[in-house]
Amino acid sequence: MQSIISDYNYWVYILLMMIGFYAMLAKNNLIKKVIGMSIFQTAIIIFYVSIGAKEHATIPIIAHGHGAVEAAIDVAHYANPLPHVLMLTAIVVSVGTLGVALAICLGIHRRYNSLEEDEIEEQLQ
Amino acid sequence: MIWQLDLSILTLIVICAFATIMVKDLLSAAIIFGAYSFLMCLLWTEMGAVDVAFTEASVGAGVSTVLFIAAIYQTTRKVGVRKSGRLLTKAVALVATLITGLVLLIAEADFPGFANPFTPASLHLSPYYITQTLHDTNVPNIVTSVLADYRGFDTMFETAVIFTAGLAVIAILRRFKKEDRCDIPGPYVISEAHPDTIIRFIARQLVPFIQLFALYVVAHGHHSPGGGFQGGVILGASFILLAISFDFKMVLGIMSERLNILLGNIGVLLYAGIGFLCLLLGANFLDYSILSKVLPATDTIMARSHGMLGIEIGVAIAVMAIVISIYFNIVSRGKYDKGL
Amino acid sequence: MDIVVILLTVAGLLFFFATTVGLLRFPDFYSRMHAAGKGDTLSSLLMLLALALYNFHEANLANLLVAIKILLIVVFIFMASPTATHAITDAAFESGVKPWTKEPEEKS
Amino acid sequence: MDSFLIATGVAICLLLLLTLHRTIHGPTAIDRIMAVNVIGTKTTILLVIIGSIYHRVDMFVDIALAYALLNFIVTVAASRYFHHSKNLTSRGYGYRFKGGDD
């Protein structure tokens, strides 16, 4: 049981990464590929946030009462904030990449009137 | 972290990811991807990453699924029938995926256990941030202080990346002429949808609350989860809601294209400008403690807090403008005539 | 106090269970929408009330603020959820989803 | 009380699994939208429950509020999709598509 709990997050991250990677490689439809890319991104984010998690730790916001005496801050009591910072910006950047990817899809559809990879290749030849 | 919820939510996520890839209809895939994003937000919350969860909540519920629906609306919903020659591609992709998974699984054996407080990642840099943040900057939310102060340079270029993405979408899609040479007539003859009074009324009631809440998120990001990115995305989502429930033109009347792009520039410039102000006053780039010379009645610690607030406002303006611009370009195919 | 919280939460869970059963077992779209629209909103109301009570265990300003925010969530769900239900049902009617009748029609 | 809250959370997760069945196997796309709407509402509640387990609800309630406000944008957008594509003529599909069946 202990080993399942300690490894489950990493297994799921590998599984999601494989799903996203497979979709990016094998799917014929461009929007399906974009969805695969998004799943790949979330797999990476799961990996980072799992690294930052700590057992019996609370969220990385220091509890401070108004006028309370400042107690010494225990490091093990707060989750690691650094992966959270990196991944916060990564999510917003992922919206940007999603927008650009969908814009490229729309541009291709405007030109070739199709979103299927093999149809576009046929028209290119 | 709460391991009971961890196990159940991760199982749901894997099922959702499989379904998203397997389903034949693109609109259904986009909708299941929306559910996937909800579950992701739950997972971050459960692991204690509240700021990440907030970003995922605003992005997943407000923007990314709507972008998918808009793109599908402008192209097609159907997935083509596969040719027989595709079997080889599938096999090669499967082998490549399995090899990648195997390599990652072998690497995983050396990882420290999940939720171990004494991993190398948690021992080297982050203890400084955790113990010193309140003392250095007077900001209790460690994520905000690391984002906007300690790693401010990084965040500035993240904002620049988002700005570049907005520019790229405009460069790819925006068409100013009515008739374009390489433009094939669209797939649909789009009918004017009849106005729906109930949706319009509720949207009109909710939009002020959403925008007020977004401003609260930006301003209160020092003390609770939130900040410029989240507030900006929520502000953008409020305009998207207006554009969906009302007319496309009505939102363009409030937020014209020119004003929108100008706001995006202003946001990035505000961020860089605060950095250059620090440089002018004689400190390093983005070293806000020097701002106490300019701001009245602040010491060097509070100056860092106020500098962070200025940067969050810049990020919020830039993200809002870029989100609106991306949505408008995608939903109208760059013509800005009519939308969803 | 705890007993009230537990009772409300269990009632909410029961309603959510009924929602899920309706969602899975009902024969056509409109009856499923009936189960989903009503049971979902009611179970949310009950559970959020329970959580607001649970977080207001000790009367001070911070707890009051949290309880008020949870009640605000209730208000917004009560505005948004029926609107979403209306939008989906309208879309289904417009796009031609047939209501289920007793005579077994052709299977679609 | 904490264990009761955790049990409630796990129970909601199990019921979400059943709702996910409708999301995945729903015969039409509209069924899926409906089920995703239910999942979104329950996400709001699970967020508050997780906050109560952490004993820091004041930090988590903002996220739930954001969900309560933004949850129905997706639903309205999807329903507008069906409004618009009601009387469309299918002349843009690729040459291998049948078209017309929905």
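Some observations on this one:
Each chain gets a letter, A, B, C and D, in the order it is written, and its residues are counted from 1.
Convention: contacts are C-beta pairs under 8 Å (C-beta built on N, C-alpha and C of every residue); 3 or more make two chains touch, one makes a residue touch a chain.
Everything quoted here is computed from the prediction, not taken from an experiment.
Summarising the inter-chain layout, the chain whose CA centre lies farthest from the centre of chain A is C.
Of the two chain pairs considered here, C-D and B-D, the higher C-beta contact count falls to B-D. One finds 12 Å separating the Cα centroids of chain C and chain D. Our note on geometry: chain B versus chain D, Cα centroid distance of 19 Å, whole angstroms. A separation of 30 Å divides the Cα centre of chain A from that of chain C.
Multi-chain contact residues, meaning those touching two or more other chains, occur in chain B at positions 48, 50, 70, 72, 76, 80, 184, 187, 199, 206, 209, 224-225. For chain C, the set of residues that touch two or more other chains comprises 76, 80, 83, 87, 90. Touching two or more other chains at once are residues 58-59, 61, 63, 113-114, 116, 119 of chain A. Pairwise, the chains that touch each other are A-B, A-D, B-C, B-D, C-D.
For chain C in complex with chain D, the residues that touch the partner chain are 2, 5-6, 9, 13, 16-17, 19-20, 23-24, 29, 32-33, 36, 40-41, 44, 47-48, 51, 54-55, 62, 65-66, 69-70, 72-73, 76-77, 80-81, 83-85, 87-88, 90-92, 94-95, 97, 108.
Residue ranges of chain B in contact with chain D, taken from their complex: 2, 4-5, 8-9, 11-12, 15-16, 19, 23, 25, 27-28, 31-32, 34-35, 38-39, 41-42, 45-46, 48, 50, 53-54, 57-58, 61-62, 65-66, 69-70, 72-73, 76-78, 80-81, 184-191, 193-194, 199, 203, 206, 209-210, 213, 217, 224-226, 230, 234, 237, 240-241, 244-245, 340. For chain D in complex with chain B, the residues that touch the partner chain are 6, 9-10, 13-14, 16-17, 20, 23-24, 26, 29, 32-33, 35-36, 39-40, 43, 46-47, 50-51, 53-54, 58-60, 62-63, 65-67, 69-71, 73-74, 76-78, 80-81, 83-94, 96-97, 99. Considering their complex, residues 76, 79-80, 83, 86-87, 90 of chain C touch chain B. Every residue of chain D that touches chain C in the complex is listed here, in rising order: 1, 4, 8, 11-12, 15, 18-19, 21-22, 27-28, 30-31, 33-35, 37-38, 41-42, 44-45, 48-49, 52, 57-58, 61-62, 64-65, 68-69, 71-72, 75-76, 78-83, 85-86, 102.
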